[in-house]
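Scrolling down, you'll hit the structures one after another.
Consider the two complexes below, in which subunit A is the common component and subunit B and subunit C are the respective partners.
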Partner chain A sequence: MKQILPQGVGATEFADALQAFRKVVGNEFVYTGEALSGYADPYSIVADDDAHAASAAVAPGSAEQVQAILRAANQYGVPLWPVSCGKNLAYGAAAPRMAGTVVLDLKRMNRILEVSEEDGYALVEPGVSYYDLYNHIQAKGYKLWLDVPDPGWGSVLGNALEHGVGYTPYGDHLAMQCGMEVALPTGELVRTGMGALPDSNTWQLFKYGFGPYLDGMFSQSNFGVVTKMGIWLMPEPPGYRPYMISFQREEDLEQVVDILRPLKVGMVIQNAATIRSLLLVAAVNATRSQYTDKAGPLPDSILRRIMADQDIGMWNIYGALYGPPPVMDTLWTVIRDSFSKVPGAKFYFLEDRKRENDLLIGRADAMRGVPRLSEFSFINWTGGGGHIGFSPVSPIRGKEAMKQYTMVRDRLHEYGFDYMSIFAIGWRELHHVVELLFDRRDPAIKHKAEDVFRLMVREAAAAGYGEYRTHLSFMDDIAATYGWNDHALMKLHQTIKDAVDPKGILAPGKSGIWPARYRRSRP
Partner chain B sequence: MSGSGITRRDVLATGVIVTAALAIGARAAAEAPAAHIVDIMTFYDPRFPQARSLARTLPRASALLGVGGDPSLLVAQLADRRERAGLRLQGVTTETIPFCLEQYIRHDRDVRFESRRLNRDLFAWSLDFASYTP
Partner chain C sequence: MMRFSTSVGFALLFAGASAFAADEPAGKAIFDHNCAVCHAAGPGHPGTQRLAQARGPARAVLEQRTDLTPDYIRMVVRKGLIEMPPWRPVEIDDAALAQLVQYLTHGRK
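Moving on, here comes the complex of A and B:
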């Protein structure tokens, strides 16, 4: 495996930096050569396989070691790319934005420092996965639920920092974060919120402390390495009832979204409910070749066959009720009556979905915080394993949802891809997460996927839709769309970057934020 | 769904696939220190009729275990390094299973993983864990 040095760093400085890292963590936790294969982007969409290649990786075991590595990186000018569990798969996994960057792998920092059953929180290090925290809670018998995203092997801390979401009422992970410890790029350690008060006993209880609220600044950014984070956990409710509602027609999406908005904003729908498209649900149990060997958009006859085979709709809501049974009964009455206005709507509880691997079974676990990997099944639809998420945000309005749906569907069909998506309902917004599936071994398909993705970014921005998260290869594209007032926000990001990271060593290019040293010649 | 009625073309195609499955199985077996592999679990995807017969051709495949596309339980069982010492997992399944296994073990240096695509839907794969070293 060839080694790609970071731009602007000579071989001698690089070797000296690795030697300094070895002094901090020991030889066994500095990786080069073949040991770097685990840091490659498993779904790289761009033609250049080296575009996001790491030059080395270093795995500290403590915040003190992180500080020491940052100081050494400053001394030698070597850029670092922090990752927690490295499982941000559809967005680049553990690979760095800029080729040659050294991955700062925080996987060894995997201690669950505290869980308070009484107050409902955990304090964790970056390497703690959802599986780790879930197993710990189960082993201790705490009456607490965590909130998990679809794949359960990711980092609790990393997912919150990337603005990830889950599916219980605590689904907005960054909103449920409380208190951070952060190593700044120059090596100083700070604690945010109440954590700045020596001997504080409210670090994980009150987010804001005194003065400016800074925690958000360390999310999707390159302003610091978060070494500890508090996360609120949901007390186990006295009752739980997952449900599914299917809708038969494409055009039902508009009415469904308009019904959903007041139910969600008014908290009748308690959790982060999702509307899933036909093929995304179908792909959990079937493959495309079981229905056709022809390329191109699936005809209506096949779509109807899939719906009948799996007893699913063109659109499918997955949600859950939480609370004492009388409360759940009342909420369900309102929800059922509201959606009954959509002709052909069908309602299901878990006991109605007997088929092995039915998606509601997996969703039932996800919506009560049990980590799984079930959602990966959809990659079998076309085979080839690659997928990236195109994730524009809109108001929770039926017309907006239909506009986004038709825009994206038509483009994907034009380029030969199937439309598969989730509309995730937040507090006031609709995340339209479109899964673009491609064969990661087929350069021609990858090229098409890259082209259509960039086109959709531009078209979405022109229509007023911005992405909330993206793959490494598109960070500059997305950042450029947030350009109001002559890119005033990016200028502010750059001002902060230059202040906290004067040598520009931390995560160059993250979210389109480049340090001064690479701003003019960014790769 | 398709899948009913096997044609001559299917039989010929299956022949090619069996050869590929045998090749990956044989190669993995040859590279594994036999003494370390004390237990073999062989999986197939019951949704695909071919998967069962192909899985039977893998080395030392005895009892076959059905697994759909959901890797959750399989991956969860691998958490304990002591329990997985000397274990081989192998199978003929859809891609989710080998993909997730590969991602799960990608920082482990004491495992060997191989995977090969057999047709549009199915993959033959094997995953060997070395002895446990505390």
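Moving on, here comes the complex of A and C:
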């Protein structure tokens, strides 16, 4: 495996930096050469295999070791790319944005420092996965629920920092975060909120402390390495009832979203409910080749056959009721009556879905915070493994949802891809998360996927839609779309970056934020 | 109760080594902790499902395979294979990988 040094770093400085890292963590936790294969982007979409290649990786076991590594990186000018569990697979996994960056792998920092059943929170390190925290809570018998995203092997801390979402009423993970410990790029350790008060017992209880509220600054950024984070956990409710509602026509999306908005904003729908497109639901239990061997958009006759085979709709809401049974009964009456206005709407509880591996079984776990990976069967729809998320945000309005749907569907069909998506409903917005599947072994398909992705970013921005998160390869593209007032926001990011990281060693290029040293000759 | 039966089975898969009998192979705990969520038998496991499609049902469940070689297992774990992502030494170190290889080749009871 050839070694790619970070731009602007000589072989001697690089070797000296690795030696310094070894002194901090020991030889066994500095990885080079063949040991770096696990740091490759598994589903790279770009033609250049080295675009996001790491030069080395270092795995500290404590915040103190993180501080020492940051100081050494400053001394030798070697850039670091922090990852927590490294399982953000559709966004680049454990690979760095800039080729040659050393991965700061925080997986060994996997301590669950505290869980308070009484106050409903956990304090965790970056390497704690959802499975780890879930198993810990089960083993202790705490009456607490996690909120989990779809990939349960991801990091609790990392997912919140990346603005990830789950599916219980606590689905907005960064909103449920409370208190951080952060190693600044220069190595200084800071605690935010009430954590700045010595001997405070409210670090995980009150987010804001005194003075500016800084926690969000460390999300999707390169301003510090978060070494501890508080996350609020939901008390186990007295009752739980997951449900599914299917709709039969493409154009129903508009009416469904308009019905959904007041229910969600008014908290009649309590959780982060989702509307899933036909093929995303179908792909969990079927493959494209079962229905056709022809390329191109699936004809309506096949779509109808899939709907009949799996008893699903063109659009499918997955939601859940929480609380005492009389409360759930009342909420359900409102929800059912509201969506009954859509012709052909069908309503299901878990006992109505008898098929093996029916999606509602998986959603029933996800919406009560049980981590799983079962839904990733959807990547088997076409085979080839590659998948990437295109995630523009819009208001919760039917016309906007239809506009986004038709824009993206038509472009994907034009480039030879199927449309599969989730409309995830937040507090006031729709996240339109589109899954673009491609065969990672086929350069021509990858090229098409990259082209259509960049085109959709530009077209979405022109229509006023921005993505909330993206893969390493598109961070600059997305950042450029947030350009109001001559890119004033990016200029502010750069001002902060230069102040907290004067040597420019932490995560160059994260979210399109480059340190001064790379700004003129962006790698 | 259908919803709970699913999750109980799942929780057991991730219960870790301490939940298993002392005479079970060490590699089984490694498998259960790292691999089972995708590769256990039964529905809801993307890796098993994909292998059934690509190699046929008889070669879908890793713990039932008799044709896996140590080099092949090491290669797939470290480098990934199509849908499967690679695993870093910090997730499965070389000693744990050796136990996993032993379990999946000839260490099963």
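The rule is short, and it goes like this: the second predicted complex is superposed on the first by the 523 of 523 C-alpha atoms of A that agree within 3 Å, B and C clash if a C-alpha of one lies under 4 Å from a C-alpha of the other, contacts with A are read in each partner's own complex, and residues count from 1 in each chain.
Just so we're on the same page, a contact is a pair of C-beta atoms (placed from the backbone, for glycine too) under 8 Å apart; a residue touches a chain by one contact, two chains touch by 3 or more.
The model shown is predicted, which means the values in this text are computed figures rather than measured ones.
K.L.:
Go through the superposed model and pick first if A:Y291 touches only subunit B, second if only subunit C, both, or neither.
P.N.:
The first partner, subunit B, only.
K.L.:
What is the contact status of A:F417 with respect to subunit B (first) and subunit C (second): first, second, both, or neither?
P.N.:
neither
K.L.:
Mind telling me which of the two, subunit B or subunit C, contacts the most residues of subunit A?
P.N.:
Answer, by number of touched residues of subunit A: C.
K.L.:
Given the touch rule stated above, what does A:Y91 touch, subunit B (first), subunit C (second), both, or neither?
P.N.:
neither
K.L.:
Looking at A:Y131, would you say it contacts subunit B, subunit C, both, or neither? Reply first, second, both or neither.
P.N.:
Touch status of A:Y131: both partners.
K.L.:
Identify the partner contact of A:I379: answer first if only subunit B is touched, second if only subunit C is, both if each is, neither if none is.
P.N.:
In the superposition, A:I379 touches subunit B and subunit C alike.
K.L.:
Go through the superposed model and pick first if A:F29 touches only subunit B, second if only subunit C, both, or neither.
P.N.:
second
K.L.:
Between subunit B (first) and subunit C (second), which, if any, makes contact with A:W145: first, second, both or neither?
P.N.:
After superposing on A, A:W145 lies clear of both subunit B and subunit C.
K.L.:
Is A:E351 contacted by the first partner subunit B, the second partner subunit C, both or neither?
P.N.:
second
K.L.:
With the two structures laid over each other on chain A, which partner does A:R108 touch: subunit B (first), subunit C (second), both, or neither?
P.N.:
A:R108: touches subunit C, not subunit B.
K.L.:
On subunit A, which stretch or stretches are contacted by subunit B in one complex as well as by subunit C in the other?
P.N.:
35, 37-38, 42, 87, 89, 107, 131, 135, 152-153, 287, 356-357, 362, 372-374, 376-377, 379-380, 383-385.
K.L.:
In their complex, what parts of subunit A are in touch with subunit C?
P.N.:
Touching subunit C from subunit A are residues 29, 31, 34-35, 37-40, 42-43, 57, 59, 86-87, 89, 93-94, 105, 107-108, 131, 134-135, 138, 152-153, 242, 287, 350-351, 356-357, 361-362, 364-365, 368, 370, 372-374, 376-377, 379-380, 383-385, 440-441.
K.L.:
Mind listing the subunit B positions that touch subunit A in their complex?
P.N.:
Those in contact with subunit A are residues 1-3, 47, 68-72, 75-76, 79, 94-96, 99-100, 103-104, 106-107, 109, 117, 120-121.
K.L.:
Any idea which subunit C residues touch subunit A in the complex?
P.N.:
These residues of subunit C touch subunit A: 2-3, 6-7, 10-11, 14-16, 37-38, 43-46, 49-50, 53-54, 78-80, 82-91.
K.L.:
Could you list, by residue number, the parts of subunit A that touch subunit B in their complex?
P.N.:
35, 37-38, 42, 87, 89, 107, 131, 135, 152-153, 284-287, 289-291, 309, 356-357, 362, 372-374, 376-377, 379-380, 383-385
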